[in-house]
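When the chains are written out, they are named A, B, C and D in that same order, and each has its own residue count from 1.
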Amino acid sequence: MNALEEALADARRKYRNWGRWGPDDALGTLNYIDDAKRTAAAALARTGRAFSLAVELTRTGPGGNPVHTMLDSGVEAAAGVQGYPHGFGDADVVVFMSLRSGTHWDGLGHVFDNALAWNGRRREEVVTAAGDRVTGAERQAAGFVSRGVLLDVGRALTGQAGGGELPDGHAITEDELRATIGAQGPSARVGRGDIVLVRTGQLARCRGTGDWAGYASGPAPGLSFGSLAWLHGSEIAAVATDTSAVEVRPHEFDAPCLWPLHQIAIPNIGLFLGETFDLEALAADCAADGVYEFMLVAAGLPIAGGVGLPVNPIAIK
Amino acid sequence: MNALEEALADARRKYRNWGRWGPDDALGTLNYIDDAKRTAAAALARTGRAFSLAVELTRTGPGGNPVHTMLDSGVEAAAGVQGYPHGFGDADVVVFMSLRSGTHWDGLGHVFDNALAWNGRRREEVVTAAGDRVTGAERQAAGFVSRGVLLDVGRALTGQAGGGELPDGHAITEDELRATIGAQGPSARVGRGDIVLVRTGQLARCRGTGDWAGYASGPAPGLSFGSLAWLHGSEIAAVATDTSAVEVRPHEFDAPCLWPLHQIAIPNIGLFLGETFDLEALAADCAADGVYEFMLVAAGLPIAGGVGLPVNPIAIK
Amino acid sequence: MNALEEALADARRKYRNWGRWGPDDALGTLNYIDDAKRTAAAALARTGRAFSLAVELTRTGPGGNPVHTMLDSGVEAAAGVQGYPHGFGDADVVVFMSLRSGTHWDGLGHVFDNALAWNGRRREEVVTAAGDRVTGAERQAAGFVSRGVLLDVGRALTGQAGGGELPDGHAITEDELRATIGAQGPSARVGRGDIVLVRTGQLARCRGTGDWAGYASGPAPGLSFGSLAWLHGSEIAAVATDTSAVEVRPHEFDAPCLWPLHQIAIPNIGLFLGETFDLEALAADCAADGVYEFMLVAAGLPIAGGVGLPVNPIAIK
Amino acid sequence: MNALEEALADARRKYRNWGRWGPDDALGTLNYIDDAKRTAAAALARTGRAFSLAVELTRTGPGGNPVHTMLDSGVEAAAGVQGYPHGFGDADVVVFMSLRSGTHWDGLGHVFDNALAWNGRRREEVVTAAGDRVTGAERQAAGFVSRGVLLDVGRALTGQAGGGELPDGHAITEDELRATIGAQGPSARVGRGDIVLVRTGQLARCRGTGDWAGYASGPAPGLSFGSLAWLHGSEIAAVATDTSAVEVRPHEFDAPCLWPLHQIAIPNIGLFLGETFDLEALAADCAADGVYEFMLVAAGLPIAGGVGLPVNPIAIK
């Protein structure tokens, strides 16, 4: 057994949450959020400033290239094509996209570990051509309401002088997460049920250069495999980053493997991973007032059987 | 000039908000919401109970029939087709849908009145084959956070004995809205910046019978043209219903016309209309505790240029 | 074993062509066509009259409802939106459709019999989420060129007085096929490698009424299960009809079963079935000149892995 | 007026075919094909060898990236998900693609010149959000049957030693077309109604390297603007190449302009341009036997209102 196999086996043994919330669970770590948590979260909306954390869905941006076409438009109406009476005119549109385009949560059925999906169910009983029949997006429709905490690792480790951006390939360790919390102060403490947003600065760097070529699949900063201990032990409800894959690329192992952190986090921990979150405006605000906690409402579209949830997350401070 | 033409002309004269928020506005009545409003809204999240108001997006339900297909699945993984090392497997999915499928907000560029879109801009300068270049969905990304108020007109007018459901073709008047508020008590008072949710009971009726055939375009209960006075004067930020078109079908005029309420509300008032909201669970809760106000976060997907915003609205009481 | 099970078992035993063209075959009965057959077919193009046998692909017609949307149009160009220099303007379009929309051939991977696909391969090794990896549409790219023969069963059995149309539910027997050939004369003789087009008149009837509601899945005339003996024994390369499913609906058995003729024809005989062919203009021409044979070129789109081949078949007399 | 403007003006004056086939024409240069031409074409199918000239439609090949997803598959059937009785199983598929993906004809409504589409109609009256209402793909359903002639300019100009491939940016002149015809001999003579296939070798080069990055929009060999005299004067029905745009890239003018040859050929001449034709197997056969003429059947899918026609062209020698 090589290092990768050992690491995977060790992580399964330590972090697996199967059965923790009953055999029929479809919420995973969202179970850590309860009514009291939501009430406390709402109390963090002190000033009423609201931030959308979604990237615009365009054909050429950081997302998965939705194709968005008009069935009718104002130009058509102006040309007299529509022929409606009494001055009525309209526009309509269809879209073709990946459910994991742009800002989204990975669904619990998105990744399997060996033969098994979240909670130990056989993968082929969970996700078929009809979609995820057990843990589909419609099952978490009201699940993503909680206290949010921004961990601006980019700023904490590099400072503004360093551009606030981690280099591609930087694997964020548990120690770096703790150091960021320490640097940011009490409002950044992380507890059960929180939704943690980790800023690396990669999205800002790509936006600055206008070059998104490597964003989807090239090297990127991200969470280290080692950070799984903290992701599991802290009992957070979800974690999201401003990168397209949460985990560092390339990964830290000297063996072929696709997404080792995903492979533990999703089917074993039941943890929701959020990708391509735009944290720039929120991070600037947090840096300015020193408050890193807020109310977060990030409910994805409940497409039945979806293994990904497109979302427009709203943070309110 | 017939009755319809007169009614439209009169409504334009009385309710038009053009220029009210400057020449470059892309928010319409969402401008009524400010930081103080959002802070006050958050204070309504007293118990932490959260409700998703979105219908599941399925091929056969009330929405616009999204087609949702898997690029890969657990069945594929189980069959050994994927061939990933170290036990990794995954599932992925694409979707083809109308931006106005299922639960959604109509965008400001969705409807024109004579040659003009919201704020008096020429329709062909606003919505082209590239989408809405002025008031697209990405411009309201953080706009739908406010106090929500449920007006359960179905229950108020018919009582539980009447099934809590208005018949198809019932045109809800301003008086009926006021009567509902009166019956529901102080928590149902409506003020500037509120997002009002009107329950007719139609969605519950269709769900009960399993027959959605008429839901999208057949007769339906809904707001009367006359209710525009109240929609405008109350200075609400948005209004949504559990029907597919907000306004009553057929409309009240004896002349061909498509959507007279839309024609005034969207391009003239700048009012956001929400369609196919599932208000059942929320309404049952409100009926039980007598509290009809809540925090509402209903931010739609920011598809660039979108004239519709698919949304998973979250109400928190 | 009931009548259906016996009939299926008997048909498998008699008509199965597995191994006939080697273990790696991807052409099925198209193997009956060779260079000599194509040369002879071309010699049937005596007058040069050409007929398209495809239905128009529209959102509301007999096909599978493609959605066809413009990325740009002349109206946009006229509105000055495009901004190209020197008078250039353009229009572009995308389409979302089933590969079995409108006029098409069913692919060899479209139907399985028990665990097996064409030639006895296991179905899960043939058609995965990546499409048909063995017998996909790209493998028959040049396969559909041969002598075509029209069997106008509708006219032969009912005469013009009967409208030339078989009633829904009429199961065409082998005897009726032979009687049609006899009535039509020597040009209608069928031999090895021919592509046979069977006209029932259903498409004409639907077009006449404008009602396509039952065309896709309601009762329809079509080939009987018993006609499989002839379909197999005549060694034809393919058979197509003016209905949406080739075989009669409902089928002739008193037991639940989806498509018994498909179940034998595709995975066992390796026979290509063509659906929704528009035979009206061709049939009128054949009735007029008494010539029922022609050159047929009906090559489908080679979408890699496709289990259906959209096609615009051309008959030349 | 600069050189480009003068060249465009001169070409319009000399090559414009408006009115030639009446005011309601939807066939353009396909009018050059008549019954006698088709009969003569069929006589060229001497040996029965058939060639498909279409590229496979895949997600990563030379075409426009169709997305092709399974609604059901053999893997699903094997997993017992389908639950059909009596051993029936099936697979189905949907596709999302540009009508100009892969091998296709540009429709007459694809390009405009100044305010006008083919035959002098105003562009906004021809192509709206509903598609091409005058010259859509369904109007040419039986139009592409004729004598085909291969002009293998790549081989003729460079020889096998040169790889048979023109370099990117090579603008094929009228003289080079004539020299190719001369080198290939009598079977390569071009006349009224022929469909001419010009091989540059670019597609073979890209296939050889596996690099399609520049194929869709980078530099490419192709027809020169000057060749329009020959394209018009020869009265051919259509011309196709093994490149993605028929005309050379970059074009020969020292001024910004998109597609000058398209701008004259499509709306002024009414000429059909075929793109991404795979001529390799056919060209090898022609080089071997010295026969450059054949029967060509290249009927595109009749998607109603289409401004592009996906096609699987079949050449028969």
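Going forward, contacts are C-beta pairs under 8 Å (C-beta built on N, C-alpha and C of every residue); 3 or more make two chains touch, one makes a residue touch a chain.
Predicted model, so just to flag it, every value in this text is computed and none were measured.
Enquirer: Counting C-beta pairs in contact, does A-B beat A-C or the other way around?
Expert: More C-beta contacts join the chains of A-B.
Enquirer: So what's the Cα centroid distance for chain A and chain B, whole Å?
Expert: Taking the average C-alpha coordinate of chain A and of chain B, the gap between them is 26 Å.
Enquirer: Counting in whole Å, what is the centre-to-centre distance of chain A and chain C, each centre being its mean C-alpha position?
Expert: About 47 Å, centre to centre.
Enquirer: Hunt down the residues of chain C that sit against at least two other chains at once, touch-wise.
Expert: 67, 69-71, 73, 75-76, 78-79, 81, 94, 96, 124, 128-130
Enquirer: When you draw the chains as points and link the ones that touch, which shape shows up: line, ring, star, complete, or other?
Expert: If you draw each chain as a dot and join those that touch, every dot ends up joined to every other.
Enquirer: Residues of chain C touching chain A in their complex?
Expert: Chain C residues touching chain A: 67, 69-71, 73, 75-76, 78-79, 81, 94, 96, 129.
Enquirer: Any idea which chain D residues touch chain C in the complex?
Expert: Contact set of chain D toward chain C: 4-5, 8, 34-39, 41-43, 45-52, 54-58, 61, 66, 68-70, 73-75, 77-79, 84-100, 109-115, 117, 122-132, 138, 141-142, 145, 255-260, 263, 295, 297, 299-308, 310-312, 314, 316.
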